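Structure below; questions to follow.
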Amino acid sequence: MALTKEQIAQRIALEIKDGYYINLGIGIPTLIANYIPDDVHVTLHSENGLLGMGPFPSDENVDADLINAGKQTVTVLPDGAFFDSSMSFAMIRGGHIDLTVLGAFEVSEAGDIASWKIPGKMIKGMGGAMDLVAAADNIIVAMQHTNRAGESKLLKKCTLPLTGANCIKKIVTDLALLELDERGFVLKERAPGVSVDHIQKSTEGNLIIEGEIPEMKL
Amino acid sequence: MALTKEQIAQRIALEIKDGYYINLGIGIPTLIANYIPDDVHVTLHSENGLLGMGPFPSDENVDADLINAGKQTVTVLPDGAFFDSSMSFAMIRGGHIDLTVLGAFEVSEAGDIASWKIPGKMIKGMGGAMDLVAAADNIIVAMQHTNRAGESKLLKKCTLPLTGANCIKKIVTDLALLELDERGFVLKERAPGVSVDHIQKSTEGNLIIEGEIPEMKL
Amino acid sequence: MKKVVENANDLMYLLKSGMTIMSGGFGLCGIPENMINAVSDSELKDLTVISNNIGVDNFGLGKWLTKRQIKKILASYVGENKEFERMLINGEVEMEFVPQGTLAERIRAGGAGIPAFYVATGVGTEIAEGKETKTFDGKTYIMERGLKADIALIKAWKGDDAGNLVFKATAQNFNTAMAMAGKVTIAEVEEIVPSGSLDPNHIHVPGIFVQHIFEGKNYEKRIERITLSNQI
Amino acid sequence: MKKVVENANDLMYLLKSGMTIMSGGFGLCGIPENMINAVSDSELKDLTVISNNIGVDNFGLGKWLTKRQIKKILASYVGENKEFERMLINGEVEMEFVPQGTLAERIRAGGAGIPAFYVATGVGTEIAEGKETKTFDGKTYIMERGLKADIALIKAWKGDDAGNLVFKATAQNFNTAMAMAGKVTIAEVEEIVPSGSLDPNHIHVPGIFVQHIFEGKNYEKRIERITLSNQI
């Protein structure tokens, strides 16, 4: 069974260590906050100028001046901090964020990522995604393994304009957890009940299968 | 009569316009604050991270955490602000300071200034002086026209290591007010009772004398 | 040198068609609503606009867009504005996408007297096209230029006569760097407070960066995505 | 991941001979007295020290100097330290003078992932020797490199468990940029306050930049030049 979005988030949450400063992108990454164990203390960074992002507000606590990078109303935890955009990206660019999780349209076997533009169709802009992928040592991409037509999104070469080149090292899809090295996509874990063969058929880029591939534990 | 240090400060104070943000260096420049008319409102910048520098404190208001760039205890005015060093020099380098007044060992007819080092004798460092002279459009040098041996400090070429090249446009000495253009030192005003001839003899660099040179009004 | 004026209209004489204008805010959070409205009520045109976002269809900078007052835009994300996306796909407006962190840093650099700096952001992407590259410690970086504006329009929570500003929560965002980068910076605030009532330790933007200030009126402070705890 | 420790000695295991160490403060204002003393009590040597000033003869970083613990210094002004001036004139210590604003910006850049940037400061002086130059809009600039440190030692007024820091008055100075530029940043504060007692709007250094924090003891806070209003 392919993972649900919630399960992708759940698997990524297992990668989080106590004390991490984390930037979670829009979409699946946002869900991760729900799966961080109580004894793992992390601090959420939102690139519009917030550390210590708390849960969404109750009705009476909505504040137009307090939003996250997805423009959603949020709250701040008691030990949080606000700061300006140049300081916020000094944190990102300077490598102070321990983990970045974001979505993607495509990832290539060289670690390239495309996530911001579909020429002629969708031009929204890269926001902070280019800064994040260029800076983070520890990035996880959360994405579907294939598109709605069943075509692989893990490619030999990206077809869309890049967000970053040669920067992605770990991916969690609905089918698998993969790491990237100089050879391509290294299959590390299968989604429960998903066969290696299915993953192979769903992966256009070079897939490295070494030894027995364990099922994910969620 | 050559000007006293206080009179040099007094003459420079006349150059100050309402609304100016001003950085005053150590020595004679510090004295200028005493001669700013009450109806001219200025804001004093100290490069260690202070805008709205007030007078020296009374005994009971001394605060080790509140000093100026000369390491003197100072106070802050009610509408002042504190900030970090990178922000403070963003103000300087970005051209946000309206007037900078500083001292010098030597100035050349090309507008070079030497003020921070006497090789083999004195090596204290340039502090913020290089940033200030490189950035300010409006700099006034306050200095003695000659050294104790009577030798000119307004030279054809500086003999000491430079603080900045081709950046000085106005000088007030104990003998004269001079502006610099591509020709050299242009004599604009004489100290009361000081002859043009005396200024000429005291100036090694090219001195331009055009028309009648008025006496300073203090 | 009085910095305080009554309202946005008192400052409109400073703006001219063809100018480069920075406008603070992130999404609709912390945008200078009064000045934005005054410009959209004016006949100004051919503006080059530097802003992280470009408003929504009928609010914020989206109003300038609808009125065709904008010649060129530098922004990092315009996804909330459908009309803009349509104009862009059809080539009706000139656009330079700038990664958000690079945009913030270019603006700060412009205000701090730094003409250019190097970043890794965008290396290997179309953002790097036509830009100088340089290798430091074995890694490739691209050179980015500082940005200045003829006029910076910013919005703060409180401000005083001297132009000192404080922000609330995430409404600070691009406003601080833009205050630094404006040749003329106009700050609108929710409340002008008496001189001396702001703690000098808590000033986000020192008054040296602010040439004009006024108390804005009728802030709508529209929220793009109200997300509540009981909705999750 | 507890950031708070009891005292300076609990963190001395992080420092090694030969390391590059940043030390905050301007003159003697805002210097990390406890860590400075702990280092001067240790056998550490061959340190490269980045600091705006180098203390006075018997206080602050002057102690490291007297004990010959320093191999190289990057600073903008050392005029308060007679012993150092003597060593320097006699070539007993390696020194790189860095203009104060360039020093602050190099440190911030190091912390902000910017490997290099351009400034006009020092063009035509010995500071420019050996540095790349570039012309922007007809004006010459020199390229300056970002600076990082193995350890940054900083001092704040108050801090909390998360490492958030606030400063008082001009004691902020270089401490903020250095917090950003330390691979490991150690903050000492006059008071550790309970989590939640600092206003998120007033944080000068967000805790992300601070790896270890402790409440310092016996601050001497020596003043270099007590200047009083009745002395003028």
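Labels A, B, C and D are assigned to the chains in the order they are written; within every chain, residues are numbered from 1.
Here is the rule we use: contacts are C-beta pairs under 8 Å (C-beta built on N, C-alpha and C of every residue); 3 or more make two chains touch, one makes a residue touch a chain.
Source: prediction; values computed, not measured.
Shared contact partners of chain B and chain C, listed by label: D. Farthest from chain D, judged by the mean position of CA atoms in each chain, is A. The geometric centre of chain B is 28 Å away from that of chain D, both derived from CA atoms.
Put simply, the C-alpha centre of chain A and that of chain D have 36 angstrom between them.
Taking each chain's centre as the average of its CA atoms, chain C and chain D sit 33 Å apart.
Annotation for chain C: residues 105, 108, 112-114, 119-120, 167-169, 200-201 touch two or more other chains. Residue positions of chain B touching 2 or more other chains: 76, 82-83, 86, 89, 92-93, 135. Taken as a contact graph, with one node per protein chain and an edge wherever two chains touch, the assembly fits none of the named shapes, being neither a line, a ring, a star nor a complete graph. Applying the touch definition to all chain combinations yields A-C, A-D, B-C, B-D, C-D. By the touch criterion given at the top, residues 1, 108, 110-114, 160-162, 164, 180, 195-196, 198, 200-201, 203, 206-209 of chain D touch chain A in their complex. Those residues of chain C that touch chain D in the shared complex are 105, 109, 112-120, 134, 136-137, 139, 141, 145, 166-169, 200-202. Across the interface of their complex, chain C is touched by residues 18-19, 21, 41, 43, 45, 51-52, 76, 78-83, 86-87, 89-97, 135 of chain B. Residues 26-30, 52, 75-80, 85, 88-89, 97, 99-105, 107-108, 119-127, 157, 167-177, 204, 221-232 of chain D touch chain B in their complex.
On chain B, the positions that touch chain D within their shared complex are 34, 46-50, 55-59, 62-74, 76, 82-86, 88-89, 92-93, 112, 120-131, 134-135, 161-166.
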